[in-house]
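Below: one structure, written as structure tokens.
By written order: A, B and C. Residues from 1 in each chain.
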Amino acid sequence: MTKLLQSSIDRRGFLRRGVIGAAGVAAATIAACTPNGLARWTYNPTSSALPGSGVSPSSAASALASLAPTAPAMSMGPGSPAASMAGDDMDAMAEAVIKRFPEKTDKVGNQPIEPVMDGSTKVYELTSSAFPWQIDAVLKPVDAVGYNGTWPGPQIRVTEGDRVRVIHHNNLSESTGMHFHGQELPNAMDGVPFITQPPIKPGETFVYEFNAGPSGSHMYHSHHNATDQVGRGMLGAFIVDPLDPAKRYQVDQDIVWISNDELGGFTINGKGFPATAPIVAKLGDKVLVRFMNEGVMTHPWHLHGQPFRVVARDGWPLGTAEFTADTLGVNPGERWDVIIDCVNPGTWAFHCHILTHAEGHSGMYGMVTALVVQG
Amino acid sequence: MTKLLQSSIDRRGFLRRGVIGAAGVAAATIAACTPNGLARWTYNPTSSALPGSGVSPSSAASALASLAPTAPAMSMGPGSPAASMAGDDMDAMAEAVIKRFPEKTDKVGNQPIEPVMDGSTKVYELTSSAFPWQIDAVLKPVDAVGYNGTWPGPQIRVTEGDRVRVIHHNNLSESTGMHFHGQELPNAMDGVPFITQPPIKPGETFVYEFNAGPSGSHMYHSHHNATDQVGRGMLGAFIVDPLDPAKRYQVDQDIVWISNDELGGFTINGKGFPATAPIVAKLGDKVLVRFMNEGVMTHPWHLHGQPFRVVARDGWPLGTAEFTADTLGVNPGERWDVIIDCVNPGTWAFHCHILTHAEGHSGMYGMVTALVVQG
Amino acid sequence: MTKLLQSSIDRRGFLRRGVIGAAGVAAATIAACTPNGLARWTYNPTSSALPGSGVSPSSAASALASLAPTAPAMSMGPGSPAASMAGDDMDAMAEAVIKRFPEKTDKVGNQPIEPVMDGSTKVYELTSSAFPWQIDAVLKPVDAVGYNGTWPGPQIRVTEGDRVRVIHHNNLSESTGMHFHGQELPNAMDGVPFITQPPIKPGETFVYEFNAGPSGSHMYHSHHNATDQVGRGMLGAFIVDPLDPAKRYQVDQDIVWISNDELGGFTINGKGFPATAPIVAKLGDKVLVRFMNEGVMTHPWHLHGQPFRVVARDGWPLGTAEFTADTLGVNPGERWDVIIDCVNPGTWAFHCHILTHAEGHSGMYGMVTALVVQG
């Protein structure tokens, strides 16, 4: 289920969980005021689609129709400015984009790939090629390049010490090279053309083979013409689980979160809001998020409603230097693992806090998603 | 006095403290050289306005006249290049701007707001509106938007666990929403239009109510059309003191330092140098600075003369991960608390170390202020 | 096929050249595989151009002639796309630039300067002036300004508590001031014109004198018209060794790494790739790298092949907050000390992971160098 949620949750499934929009507002007691004093009023919770309330698909469909809370705030009456039409247009655009969330696109990246075993060696085949890629369902697809036709490429997950072989076919019209960022490889496997290997020419194949390590959140990506190739999608997650089971994360979900900020604009796992995937969890869940920055800008990720514990950087446990935060700057090339203790039910915005990467005149876009905690 | 210093210290009061400019230079022994060797000379300390020396207002006025140290460095004589007129013009501009510091403007933000009590609930009324705002006294005021007519809005300070009600009247010409960044609120109070509430239309009022927590340095700001609204001033500090008195900071001053970098250029608490407020402390004081970044760029704050201890991030104590530094990068959305042990008397530049945010051909500007330690 | 491809790197040719040059790859023991297994061989270190080994220009030249591995990867045969001419041109440019590495330029900065003793005072003379500066051997030299004719200026290294005198002659055509970033100086020695001293006019001399401290990685740089002056080279390292020998780093090499990103583009110690200096170490060495950022952007430094331990920031030991990483964001004004345990032989790219600072259509440039671990 975790994989499903990370990758391909559709609108129907999302709504079935009954979480966004009216529900949150509806279930709360809200105080409003008049110009002359305070008045309290309470939303009627029976009219709302509560998280985990077993709401039926059909009522979920109707919930879809009312994703945007419609109960207005109080009018202040005389003396207050008139709403401008421009403002109403902005609200309409902002609402429309929220209603599209989570938007389905034709393909999603970061899908787990299973190895073929060659004796005890885990063998993965990756083919680089160019393809159109939907950042969301409305924008014209971009001219991406990537591994096995998706952005990010397949998620490779192995165990520390595993013998790993990655067979890389280059179907691009230019050369490339593949770097396993964070891995301690034999030098010849490091993937830097003209330093550790010849470039992999179009039509050629290069085979990388090494023992996986160190453990943690790592990445693979092009190291040739890299501003362009990585900026257009040649990247993926390379997760190495610790050999010692006691050192593995004990969490309910394990989310990879790779950001980019070039060709496709501001993206998480190759998608921009509203086509980004929400994280849907239950109250009390521990959710691991592995932030990985494959872009060229720093992105400070901010979670609403509850903080996260920052437990590792670049795959290395922080140990006594662990800390708690609600906003975490992740620089290009860095990986940071955080664990969210889902203690606060609701639909929580989860976004880059560089506001130009997240929200403008026409509403939210780019590096925005949501954590949904079903209470 | 803290409030005064943060907000409205004027030139006279500032100089009465006798701190900037000539004083510092004057009190020191300085070694100068000739082309043929070293010569030592000593400024006459009796002629200088020493910090804490009880210099009279009239001598303070004369100190004003000599803010810029006038004792020249030695001429090297024959063979040294002539000072270019362009260089002299630059110096004159640089001196002029320093002499304006700390410049008075018509209004300052970040002023404490006292709650009205409704039983045990602390009630704050905030009205969003558009207004002209002086970044300094010379630049044309910018078209700001903000809370209660200032940028930043009022400083709200409560205690962990307090019941807090914020009544938000929208007098803007467009909708808005108010997010309490860092607080663990009921979802309906999270302030994100179309996700947790309807947008607050022009003329409408929305009431936020919740129990304050977690403790620490937090913020409130718009979460609607946020690049524009926050970039133009819709933000303020939301400080939550720990319930346990033993966990509260034991400091002599408690400074909020909110940075922005959009509409008003590079600002600290809504002002650019020389209209920024200096921090004036006594030797031995402990000064808490709460860095809060409401802009869209990272700002590494650098203090001259003494380092600071970094004790909390996003309101969460760092504990054993505390560290000492003299330069600290603060990303958008992050809050970092640092404590300065004022051990070194003098006037110390305190500025963003991205030099394009602080100092150019015409001298200092933007994200610059000073820590004045009165010895 | 896999093993064949793994061995397809022309190790003979690669090693023949010596470091990536010559020393690096050349001197390492590398495990190579044949279709039938692994074979080990060892490069003859006597043929390599080691730093300080007095290698002659002619042998260095021949070492450079075969820098790029020439053995191709396998052709996939029918169905694979043809290599585009554009792609081949790109590869040729990328190879050409790698072959130039490490490129000699007419002058290098960051050279140790020995003090003249005046009693127990360490006296350094620095003259600011304008000069042409080679970022690499191909680009037109830039119009730099700096100390003693190099960018960075001389590396000053003293011991905590030392009495230090820096005699600063200004031979620029404009004023300047000199700030010892990170040092706890008497205020009059802080180097900020119009705040702590008069500007140092062209032809004038100013003398800074103070007791060195705190220990650690610090910097000196202009604090007048600083965006321009620092951006064009007025900066240098100021290293203060701890008084207590037990607190000093026990390392095999001590590398200063100052980055800039204005006039000269993206530079390390005043040079852009391929004119940057490689770090050449032996297997088992501990290499200290002192990252110092004198630019206006954050740079996340990424080392291939092995991580580093981050042990100090701004000169202050991190103690229990030490951490391990392979990518470290360094903000302007910050200094971070890291120790590389050289455990993995080979030539490892070491670069800023903002790819636009490191690698584009014509290959690598700017903030790129290599760690060469000789096995």
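Throughout what follows, a residue touches a chain if its C-beta (ideal position, glycine included) is under 8 Å from a C-beta of that chain, and two chains touch if they have at least 3 such contacts.
Quantities reported herein were computed from a predicted structural model and do not represent experimental measurements.
Looking at the partners of chain A and chain C together, the chains they share are B.
Taken over every residue number at the interface, the positions common to chain A and chain B amount to under half, indicating a different-residue contact.
Chain A and chain B have centres, each the mean of its CA atoms, that are 35 Å apart. Counting partner chains per residue, chain B has residues 298, 320-321, 329 touching two or more of them.
Only residues 165, 167, 169-175, 179, 181-182, 184-190, 192-207, 209, 214, 223-228, 230-231, 296-298, 313-314, 316, 318, 320-321, 329, 331-335 of chain A touch chain C when the two sit together in their complex. Of all the residues in chain B, the ones that touch chain C in their complex are 20-21, 24-33, 38, 43, 67-77, 80-84, 86-87, 90-91, 94-95, 98-99, 298, 300, 302, 304-307, 320-329, 343-349, 353-356, 358-361, 363, 370.
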